[in-house]
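Quick one: the structure is below, questions incoming.
Order of writing sets the chain letters: A, B and C. Residues in each chain are counted from 1.
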Amino acid sequence: MSVLLGQILDALGGELLGGGRELQILRIAPLDSSGHGDLSFLSNPRYRQQLAASQAACVIVAPAMREEAQARGACIVTDDPYAYFARATQWWKVQHAGAALRGIHASAVVHESAVVHESAYVGPLCVVEANARIGAGTMLKSRVTLGEACEVGERCILHPGVVIGADGFGFAPSKGAWIKIEQLGRVRIGNDVEIGANTCVDRGALDDTVIEDGVKIDNLVQIAHNVHIGAHTVIAGNTGIAGSARIGAHCQIGGAANILGHLTIADGTVISPTSMVTRSLPKPGFYTGIFPLQENEQWEKNAATFKQLYVLRERIKKLEQTLANDQRSNNGN
Amino acid sequence: MSVLLGQILDALGGELLGGGRELQILRIAPLDSSGHGDLSFLSNPRYRQQLAASQAACVIVAPAMREEAQARGACIVTDDPYAYFARATQWWKVQHAGAALRGIHASAVVHESAVVHESAYVGPLCVVEANARIGAGTMLKSRVTLGEACEVGERCILHPGVVIGADGFGFAPSKGAWIKIEQLGRVRIGNDVEIGANTCVDRGALDDTVIEDGVKIDNLVQIAHNVHIGAHTVIAGNTGIAGSARIGAHCQIGGAANILGHLTIADGTVISPTSMVTRSLPKPGFYTGIFPLQENEQWEKNAATFKQLYVLRERIKKLEQTLANDQRSNNGN
Amino acid sequence: MSVLLGQILDALGGELLGGGRELQILRIAPLDSSGHGDLSFLSNPRYRQQLAASQAACVIVAPAMREEAQARGACIVTDDPYAYFARATQWWKVQHAGAALRGIHASAVVHESAVVHESAYVGPLCVVEANARIGAGTMLKSRVTLGEACEVGERCILHPGVVIGADGFGFAPSKGAWIKIEQLGRVRIGNDVEIGANTCVDRGALDDTVIEDGVKIDNLVQIAHNVHIGAHTVIAGNTGIAGSARIGAHCQIGGAANILGHLTIADGTVISPTSMVTRSLPKPGFYTGIFPLQENEQWEKNAATFKQLYVLRERIKKLEQTLANDQRSNNGN
C-alpha cells in the first residue's frame, strides 16, 4: 500500500524541493537502508555523508541541508526533521491501520464502578478494577491491569502486561516476621503518558504514587510506592525507582539505572544507564556510575586490586611523607 | 467514610491518652503530611520534631514518647508503633473494602485437577494449571499463572502478572546448538508469602524450587530453577537469583541485586541494592558492591584509571622498593 | 509412575553396562541427591567422587568413566552424557505429560487474520494480533501477547507473560515534550527459539527486530527495537539490550547484563553477568565488568577512594618524578 508524497505534505506541511507531489511512497525507512519508494530523514548532521548515497525517494532535512539535499533529489525542508519524521510515522500509522481503537474488548474484565471514557480503549484480557478511571483517548493494550481507584489521564498508552496499582512493598518487622502494611494509596497518572510492556507502578502506602504529564516509561521498569515523577521525564527499560523517590521534570534516566528511595532528583537531570543513585541530586547534571567492561583476565586483576584501594591510598600517603621527610632532611643537610 | 478512634482501639488495643474515643478518623497518613482527621504514627525517634508540628487527630507512639505526644493531643501508646500502624492499615482495609475476596473468578482458567481451597481467591484472567494446589486464604490477584503441579501455601498473596512454574533455563550444548532440558521439578511456596507484580519463579529442573514461609518478594524479581529461599527473607524489586542458589532465612536482599547460581548465603545476611554476589557468604553480615555515582566528567577520568588499577599498584610497589633501597643505601653511608 | 530402563535405551540408545533393562526408573535426579529408582548422570569429571557414593539405579556416563561406573552398578555409556540426559528429560516428559499440546485454547484472543499452524499451540488467555504468524510446533504458553504482524518460527516456546511486538521506545524531543515515533516495524523470530516468562521483545521502529534460529532467552529480559540476535545465542534473565544493538551468533550473555544501543558484538562473545557493554566488541572473548562485593565497611572506604582514583594516579606520577629527579641529582653528585 503506497501513498503520494503530496498527501504527506498536505497533512504535515514542509517545503517540497527537487521532486514532485506525485512521487509514490511505499515505506518510511532509515537513511542508511532506504531505497526507491522510501521516505527518509536526516536529523543529525553527523550522518550527512549518508545523504548523497541514499536511494530514498525523498529525504526530510533541515534548512541548513537544503542545497545538499536538493542536489540529490526530492526533499522536504522543515525546521525540525526529527519531529517531522515522528509526525510522519503517526500519519502513516493512521493511513495503514485506521483510526485508533476505542471501546472495551469483550474479553476485558472491567468493574462496573470503573469509569472508562467513551473514546478510550481497553484491549483484550485487560483487568480494570473498582473505581478506576481512564481518560479520553487512552489505550490499554492487551493484558493490562489497572488497580482499584487508580487513575490514568488522557491520550496515554499502556502496553501489554503493565500493572498499575499493585501493592507497594511495605512490611513492618515484628518478632522475626513481617506484618503487611496495607497499601491504601492510589496511582495517579497524568496525560500523554506512555508505559512500556510489563512495567509495574505500585500504589502508594498512604499517599498516592504520581506520574505527571508527558512521562515516557520503557519496558520492565519498577516504580515503587509513593514515587513522584515530574512531567516529560523519560525512563528507559529495566530501571528501578525505590519508594518515595521524587524525580524531577524533564529528566532522562538510562536503562537499568536504579534510584534509591526517599531521594530527590533535580529537574533536567540525566542519569547514565546502569548507574545507581544513592543520594539526592539537587543540582541538575549528567551523572554516571558504570563499571568499566574489560577482558575477563584484566578485570580479575583490577577487581582484586580494587578491594585494597584504600590501602593503596594509605601506601601513597606514606610514600609522600617519606619523600617529604627525605627532602626536608636533605635540605637540612 | 470515617471511623471512630474507639473502634480502632477496640480492634487493636493500645493505651489512649490526651483525647477521646469519639474522635473521627478519616484517613491514615504519614506524620509529616497529616492533618485534621488523620491517624498517624511515629516509629523512628529521628522524626520526633515532626510530632509537635503535626495536625494529626491522633498519633501512635512508643512509651518513651508518652509525655511529648500527650502534650500535643490524642495519642495511642504501644510498644511497637510501626507494627501497630501496620495492623491499623489492615483493619482499615477490611472496614473500607470489606472482607477478602474468595472463590474463582469466572474469567480465570483453572484446570479441573487443580486443588483450590474454598477460602482462597483466584482473580480475573488467572491461569491455574493441572495438579496445582492453592492453600487456605491465598489470593491470586489478576493475571497470575500458577504452573502445573506447583503449590502455594496459606495466606499468600500473588500480585498481577506473577508467573510461578515456568520452565527453568536449562539447555545442554550439542554441536553448536542447545538441547532443551525439560524442567521436571515444581515450585513449592510456603505460608504467608507475598510475591510482587510480574515476578517469576521458575520450576526446578529435577528437584523443586522452594520458597519458605513468610518470604516477601517485590516486583519484577527473577527466581531461577532450584533456588531455595529461607523463611522470612525479603527481596526487593528487579533482583535476580540464579539457579540453585540457596538463600538463608531472615535475609534482606536489596533491589536490583544479583546472586550467582549454586551459592549459599547465610541466614540473616543483608545485601545492598544493585550488588552482585559472586561467591557464597557463609558468615552473616552486611555486604555491598555499589559503583559510586559521580558527575560524568569525574566518572570518565576515574573509570579510565580503574582500567589500569593493578598497574598503579605495581607502580606503588616499585616506588616503595626504590625508596627502601635509597634509605638502605643512605643508612649504609 | 515408573518406566523400565530398557524403554529409555530403546528410545535414546547408549550402551547399558552393569545392570538390566528391567530396572525400574521412578525419577531422573541429580547425582548428589539420587536414590534407589533414580536415573542420574555424570557429565563433569569434577564430580566423579559423587559417583561411587550415589544410590542411583543407573548413571549416564562418558566412555572415560566406564570402569568406575560399572563397578558401582548399572550405567549407560554415551559420548555426551549431558546431551543424553537432556534428551532423557524430553522423553520423560512425553511419557508423563503426553504429547505436546496443540490448537488454540478457547480463552485465547486470536485475530481472524492471524495465521496459526495447525500443530502450534496457543494457550489460555493469550492474545495474537492481526496478521501475526505462528509456525509449526510452536507453543505460546498462557498469557502471551504476540503483536500485530509479528512472526514466530517453528518449534519455539514462549513462556507465560511474554510480550512480543510492543512498541519500541522512540520519541522525538520537541519544545520540552516528546512526540511519539510510531513503531512501524515487526518482530521476526526464527525456529527453535525459547523465550522466558515476562520477557519483552519490542517491534522495530522502521525495520524489524530479529531473533535468529536457536536463540534461548531467559525470564524478564528486555530486547529493544531493531535489535538483531544471532543464531544459538543464549541470554540469561533480567538482561537488557538497547535499541539497534547487533549481537552475534553463539554468544552467551550473563544475567542482568546490559548492552547499549547501536553496538555490534562479535560471534561467540561471552559477557559476564551484571556487566555493562558500552562499546562494540569486534573481537570474540570473555568480557567482565562486575563490581566486587565486600563487607559494607570495606566497601565504603574503597568506594570513597575510588572517587579520587585519578587524583591518586596523579600523586603516583608525581612521586615517580620526584624520585627520578632525586636519583638524577644523586647521580649528578
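We take it that contacts are C-beta pairs under 8 Å (C-beta built on N, C-alpha and C of every residue); 3 or more make two chains touch, one makes a residue touch a chain.
Because the structure is predicted, anything quoted here is derived from the model rather than measured.
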{"item": "Chain contact topology (line, ring, star, complete or other)", "value": "complete"}
{"item": "Rotational angle, Cα trace of subunit A fitted to subunit B, multiple of 5°", "value": "120"}
{"item": "Interface composition of copies subunit B and subunit C: same or different, split at half", "value": "different"}
{"item": "Rounded Å distance between subunit B and subunit C, as computed from the means of their C-alpha atoms", "value": "26"}
{"item": "Where subunit A touches two or more other chains, by residue", "value": "107, 125, 143, 161, 198, 220, 238, 256, 290-292, 294, 304, 306, 308-309, 312, 316, 319, 323, 326"}
{"item": "Partner subunit B, residues of subunit C touching it in the complex", "value": "27-30, 33, 80, 82-83, 85-87, 89-90, 92-93, 97, 105, 107, 123-125, 141-143, 157, 159-161, 192, 194, 196-198, 214, 216, 218-220, 232, 234, 236-238, 250, 255-256, 273-274, 290-297, 299-300, 303-304, 306-310, 312-313, 316, 319-320, 323, 326-327"}
{"item": "Footprint of subunit C on subunit B - complex, ascending", "value": "107, 109, 125, 127, 129, 143, 145, 147-148, 161, 163, 166-167, 169-174, 176-184, 198, 200, 202, 205-207, 220, 222, 224, 238, 240, 242, 256, 258, 260, 272, 275-279, 285-292, 294, 298, 301-302, 304-306, 308-309, 312, 315-316, 319, 322-323, 326"}
